[in-house]
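Here come two complexes built around chain A, the first alongside chain B, the second alongside chain C.
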Partner chain A sequence: MSEEGIIKKLMYVNRKAPYGTIYALESLEVVLIGAAFDQQVSLAFVDDGVYQLTRSQNTDGIGMKNFSPTYAALGDYDVRHIYVERESLEARGLTVEDLMPLTYEDEDDDWAEKESLRIVDSSELATLMGEQDVVLSF
Partner chain B sequence: MPLEVNGKSYETDEEGYLANINEWEPGLADAMAEADGTSLGDNHWEVINFLREYYEEYQIAPAVRVLTKAIGKKLGKDKGNSKYLYELFPYGPAKQACKYAGLPKPTGCV
Partner chain C sequence: MKFGILVNEGPYQHQASDSAYQFAQAALTAGHEVYRVFFYHDGVNNGTRLTVPPQDDRNVVDRWSELAEKHSLDLVLCVAAAQRRGLLDADEAQRHGKDADNIAPGFRISGLGQLIEAAIQSDRLVTFGD
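Let's turn to the complex of A and B:
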């Protein structure tokens, strides 16, 4: 499926709450599809986008599929860098405890489970964005 | 085209994937396989059951690369390779096995 080629650094930036618009689900699907192309992928969650990663989502009342369990599959798709902006969390009264744990298994380290999720402040996130070849905003 | 199994009718999409995942039962997988001119053995069921468990946990059908890696981890390296999986499911392990498992077509499956 993948060919030898230039590996680019791609960051998907997620800014919106999960169910009010289609952006969150579309972004997640693009990430999963794009994962077939062996690029160096990271995800960033800022503004209301941080709500996408909150625990115990329940969509019964709005008749939509709860797609939040799918974020836990990102590790299987070799997405190992998930950044959440500290200021966005704090502005919403959230902490890392309110977010789902996200991990990947390191095949080269006897399948050891490692953290994918990292809380970063906005200046660090700006630096990370500056290092990307492509930034896709959803 | 609806699929008739044991006197019950099941809605499917134009590619033969089950419309409602909750209606799935093992007999459907056998009927779909029969329609494709094949029959399911234990090795097929290992993969089908794995896919259903994966969907239950993550709400997606895994891409074939992910499936291959995960099968290798769970069932051993001799099964976690494309050759083995394509022998079981010649129309593509993710696509064909997902259909039998009653799951939607895998995201990103082209």
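Let's turn to the complex of A and C:
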């Protein structure tokens, strides 16, 4: 479903913790619906948004649905570029080891499984944001 | 220029809706086009016709309805966000067995695809929220 052949660079910026407010969950819903539009999509995780990608989330104690497994399915929705800001991780005592593995299958390379996730510093992320046609910030 | 507008916060609680309204009005006055205003998260609460603000305050919902009528604006509430928060049009109310609907004039309920389409079709998508 492309819009008369228009293909834009579209970045979703996720800034909030996964629970506590609904922003993270509803942002993910936009990403999944948006995948049908065949745009050049990327996701960025900054500030408390980096917690959205942490491993082994368990929501039993708060009575909310643990929606974190959905991030691992993003590769199936052709989301291949997921940026995590290095400074946000460091400020929270997190490393890439604390994050879920996120991959996609590259049909141009015999369906090889490749990493979607990249750690970038804030200046690189700023450059990436500057290259976008649309930035959706949640 | 053709603008898409995204409103992510509810009325009165947050200034986002006021700022979005003022932006839309200024853009239209300056001769620009507003392709669509999309309401998401608590922003869907901008579309309930049941708000009763104090008389000496602005009426955020009526203001949107009036702007929509004057300029044929497309005001869209996200259906998933709306249903969670009790915003229903007549069709949705019937489908879900609810005894009332509460959508203000000029608003319609539709899917998130309307947001992505607005982002693609507009020259700029401007977000109002936290």
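Criterion: the second predicted complex is superposed on the first by the 134 of 138 C-alpha atoms of A that agree within 3 Å, B and C clash if a C-alpha of one lies under 4 Å from a C-alpha of the other, contacts with A are read in each partner's own complex, and residues count from 1 in each chain.
Here is the rule we use: a residue touches a chain if its C-beta (ideal position, glycine included) is under 8 Å from a C-beta of that chain, and two chains touch if they have at least 3 such contacts.
Keep in mind it's a predicted model, so treat the numbers as computed, not measured.
> In the superposed model built on chain A, check whether chain B and chain C fit or clash.
fit
> If we overlay the two complexes on their shared chain A, which of chain B and chain C does A:K8 touch? Say first, second, both or neither.
Second partner only.
> In the superposed arrangement, does A:K65 touch chain B (first), chain C (second), both or neither?
So A:K65 only meets chain B here.
> According to the stated criteria, A:A73 is in contact with first (chain B), second (chain C), both, or neither; which is it?
A:A73 contacts chain B only, not chain C.
> Under the superposition described above, what is the C-alpha centre angle at chain A formed with chain B and chain C, rounded in steps of 10 degrees?
80
> Let me test your reading of the model: by the given contact rule, A:A36 touches which partner, first (chain B), second (chain C), both or neither?
Once the two structures are laid over each other on A, A:A36 reaches both partners.
> Shortest C-alpha to C-alpha distance from chain B to chain C once the two structures are superposed, in angstrom?
6
> Between chain B and chain C, which residues of chain A are contacted by each of them?
Shared contact residues on chain A (touching chain B in one complex, chain C in the other): 29, 33-34, 36.
> Spell out the part of chain A that touches chain B in their complex, as residue ranges.
1, 29, 32-36, 65-67, 69-70, 72-73, 76-77, 107, 111
> Would you tell me which residues of chain C are touching chain A in their complex?
6, 8, 40-41, 80-81, 111-113, 115-117, 119-121, 125, 127, 129-130
> Considering the complex alone, what residue numbers of chain A touch chain C?
3, 6, 8, 10, 22-23, 26, 29-30, 33-34, 36-37, 39, 134, 136-138
> Which residues of chain B touch chain A once you look at their complex with the stated criterion?
57-60, 62-66, 69-70, 73, 107-108
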